[in-house]
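There are two complexes below, and they share chain A, which is joined by chain B in the first and by chain C in the second.
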Partner chain A sequence: MPLSTFRIFFQTGAWLIVAFLVLPLLVVVPVSLTDTSYIGLPKEHLSLQHYVNYFNSPEWLHATWTSIWIGLVVATCASALGTSFAIGCWFLSDKASAIARWVLITPILVPPVVQSLGFYRFWVKLGLIDTSAGVILAHTLLALPYVSISVFAALANLDRNIPRAARSLGASVWQTVLAVIVPAAKPGILTGFVFAFIVSFDEIVGVLFITVRRVTTLPKQIWEGIQDNIDPTIAAVATLLVILTLIVTAIGALRRT
Partner chain B sequence: MTTPILSVRNAVKRYGQVHALDHVDLDVADGEFLTLLGPSGSGKTTLLSAIAGFIRPDEGSIHLRDREITAAPPEQRDFGMVFQGYALFPTMTVRDNVAFPLKVRRRPAAEIAARVTECLALVQMEQYADRMPQQLSGGQQQRVALARALSFKPQVLLLDEPLSALDKKLRADLQWELKALHDQLGVTFIYVTHDQDEALSMSDRIVILRDGKIQQQGAPGELYNRPRTAFVADFLGKSNFIDVSVSSEADGVFHCQAKGAQFEVDAKGASASQVSRVALRPERLRLAEPGQEFLPATVKQVSYLGERCQVIVTHDQLGELLVSCPTWKTGINPRAGLPVSIGWDRDACVPLTND
Partner chain C sequence: MFRNSDKMRYWALILPALAIMVTFYIFPVLGIWEIAFTEPTTGVGNFVQMAESSAVRTSFILTFRVAAITTLGCLILGYVVAYAISNFAGKLTPLMLALVILPFWVSVLIRSFSWIVLLGRSGLVNDTLRDTGLIDSPLRLMHNEFGVLVAMIHVMLPFAILPMLTNMRGISDAYVKAARGLGASEWTAFRQVYFPQTVPGVMSGALLVFVLSLGFYVTPALLGGGRVLMISEYITYQIQEFLNWGLGSALSVALLIATALVLLIAARFVNLRSALLERK
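Moving on, here comes the complex of A and B:
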């Protein structure tokens, strides 16, 4: 096919956009390999010292572990609640459930700072400041809309007569939900679980508002690293996260084909 | 009728001001193929939903033999149900779909396996047992749905427009199969449709509903040949209507006066004072050369349908009449503008009472 001006223009544009999206991510890779003790490009040779530092630092490892387990608990709670909510709304399908759906996605619409301020004021009263439970609760609220939206999407094309069919065949309401509706919603639940984990793993504004010393997640540790001593370990952590994400995405893509 | 397997007494269901069911009484005999027929909004689906237990009537009661089930949840009624959109469980194989009602009843695994094979054989779907529903055509999916609804040997099978999503030829094939299945199993079928051909070809008895009320019920032939109201005459097959006044009655025969015509009509049990209209089936009208029959008319339009020929003729005072005659025995070659004459036998006319 001959390359028209039109095609050249749009192909160049597309590659520029890809570069714009990816380059800032890739900058962390050389920085992570620097032989200096401050953030910058390598001076004389490449070095893995900052990776060694990450794996030997109790603070970094602890923050990473905190983020992982909080993320898993949040994903589990948000998946259970969001799925129940979405299935309930699907069954009702009336005006009230449509309104409830809108109310549930407000955490996506409200600016994170405003939301976090709200968490802070409330959590003080509830005594949840600087506790894992407080972080889990806040993150579950933030992750709920993602789960319910993806479960709604999975149920959107399900025949409304299916629960009726199950009931007429002798299944109780609970058997119908567990044996028929939940399996149909499963792709949405899994997507929602992953999304909820990422929302929690990624979240920083809320954590900065509602934790002090006792709870430190990975984003908070990175944030404090930048503030205090511009430690290149941050770049090493960032590179590891990028690699991890690529691996997970690749596995996902391979499984689909 | 012997003791009915299912009886609906005085059922009322209101949606706002509208009566979806308006004091309906219905008895279903054991082993019967009963069809609820009516246009959309007639209440036929509401009645079936009430029988299935998906909605609860505002008034009245439903009995299964001598047990009241008006308020029983659907899973405690033991009715199989087949839906227009098949409603197969998308995450289960054909085999698991058919096994579902047996699994929730906690039958032993060996019995389930045997029964599933048996039911799939019943609908000629054995070789598809390990497919997913999405991999099957519409007709195959409906067969699986049928096997699933029959696998637990329900007392009554409810069918909600099961063939309306299928194409015409498949629909005709499945009508034969459904009827054969009914005769073979002896299960009571309650069938909802808006399609008069389905109703006529399969049912033992048809119940015609309109605006939440039962208009008329009876065997297909009885309803077709002896509709009581213009609605039934027009809904079940086509009819010509002629306004008449009965001038005299003798020996079960009315002498009728219509505009520009006089003819005799078999009373067929109707009382002269109530009759102001008669219905005439298009296939009962005869088309002939002018002067050979008693009513002169002119051909307005001809529609050739292969086996039949439909002709619209106009009469000066009666207006348009539809004539349907077998192509092979049309005595004349009808074309627009041709003067003809039409006639009919005394027993072709059905006297109607006002609805």
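Moving on, here comes the complex of A and C:
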């Protein structure tokens, strides 16, 4: 195809914008290898001292582990609740269930600070402040919309006659759900699980409000690190996370092709 | 139709998630309204104080301005990327799509941190400019609206690109081909035939970015350095520094109402169902 100014404009423009999206994520890599004790590019030589620091710091490791296990619990709870919810709504597909779906996605629309204030006041009454259970409950609520949306999307193309056939052959509602609908919704459930884990793993504003000292997640540790002193250990953590994301995205992309 | 007992069973599937959401989310968020009207004294005192405060007004105007500029920036930049991905079939197109989705999975906190590293007083941009002799003293690139806007656009851009992509995927190239066959130039065909078909996608992207930007906290708080007080940061400031729960809650109510109004107005132009509920 001939290259017109139109095509050149959109093609180069798009690549420049993609560079703007991706390159800033990579600046943490050289900074994490700095031999200085402040944020900056390496001066004399490359150094792994900030990685050593991360792997030797009980605080950083503990925060990382907290985020991982809380994320897994949240993803499990949210996937179970959200899948059951989406399947019920799919069967009904009436006005009342549409309203229920709107109710379930409110956490996407309410500003994080506003919902965190609500959590804080209510969690004080329930005695959930600064407990893992409190964080798990809050994160499950924030993750539910994503699970419900992705499971519902996976069911959108499912032929309604299939569960009907199962029922007319004598299967109960529960058997139909477990043997027919859940397998069909599996890709959506898996996406929902990953989404839920990431929502919990990255969540910061809620954690800042509902935890004090006993529970520290990785984002909170990073947040406090940025506020107090910008220590290059954060760059090392950021690099590890960016590389992990790159690997997971690459595997995902390869599996799809 | 279903038998009634079946209907009950379907509701039994829905109920656990719905009950938890209403009890532990909707109820606490409504609780904020109560605080706004009852602390420290019962009445509309907090709202009067809010309406009279020029700091609050400044913060609201700032919030809407930042959200509007972020939205506009994301739409223009996002459109070019979405257009290139959907219309230029090349070997690198899947790579471009993957690179657009990648930042989505990196936390907002890390992305904001990257911008601090880049834009700080002795950040990479200033250091590079000084080493090459272009400037003598460091430029002020963050702790101001500029820094907040750059990072906000970076964080929000994928939210604008994805709805536009979904929309553009559904557009048949037959119309543009017909226009070209009838003698329209590439630009004219784009402007008069292609662009109008993408307006729904643009609107969905705009709504998503604008609503999310209105309530954004992390990026403005980190890049603004306390000098760009958007409403969310103003609220935490009231509560954490002054323990002023009444005013903080009143501001939260105002922010909630503002968000709801934006959604109501948007409902006239955007299919909210496909923009939010059936988002891919």
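In this section, the second predicted complex is superposed on the first by the 255 of 257 C-alpha atoms of A that agree within 3 Å, B and C clash if a C-alpha of one lies under 4 Å from a C-alpha of the other, contacts with A are read in each partner's own complex, and residues count from 1 in each chain.
Basically, a contact is a pair of C-beta atoms (placed from the backbone, for glycine too) under 8 Å apart; a residue touches a chain by one contact, two chains touch by 3 or more.
If you're wondering where the values come from, they're calculated on a predicted model, not measured in any experiment.
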item: Chain A as common anchor, with chain B and chain C clashing or fitting; value: fit
item: Partner chain in contact with A:V110 - chain B first, chain C second, else both or neither; value: second
item: Touched partner set for A:T249, first chain B, second chain C, both or neither; value: second
item: Partner chain(s) touched by A:Q11 [first = chain B, second = chain C, both, neither]; value: second
item: Which of chain B and chain C A:F85 touches, first, second, both or neither; value: second
item: More chain A residues in contact - chain B or chain C; value: C
item: Chain B versus chain C as contact partner of A:V205, first or second or both or neither; value: second
item: Centroid geometry (CA): angle chain B/chain A/chain C, rounded to a multiple of 10 degrees; value: 90
item: Touched partner set for A:V31, first chain B, second chain C, both or neither; value: second
item: Nearest-approach distance, in Å, of chain C Cα atoms to those of chain B in the combined model; value: 5
item: Touch list for chain A against partner chain B, complex; value: 158-159, 161-162, 164-172, 175, 179-180, 183-184, 186
item: Residues of chain C defined as touching chain A within the complex; value: 2, 6-7, 9-18, 20-22, 24-32, 35, 77-78, 80-81, 83-85, 87-88, 94, 96, 98-103, 105-111, 113-118, 120, 122-124, 127, 154, 157-158, 186-187, 190, 211, 214-218, 222, 232-233, 235-236, 239, 248-249, 252, 255-256, 259, 263, 276-280
item: In the complex with chain C, residue positions of chain A that touch it; value: 4, 6-7, 10-11, 13-15, 17-18, 20-22, 24-25, 27-28, 31, 38-41, 81-82, 84-85, 87-89, 91-92, 97, 100-115, 117-119, 121-122, 137-138, 140-141, 144, 148-149, 152-153, 156, 173-174, 177, 198, 201-202, 204-205, 219, 222-223, 226, 230, 234-235, 238, 241-242, 245-246, 248-250, 253, 257
item: In the complex with chain A, residue positions of chain B that touch it; value: 52-54, 73-75, 77-81, 83-92, 100-101, 104-105, 145, 148-149, 152, 158
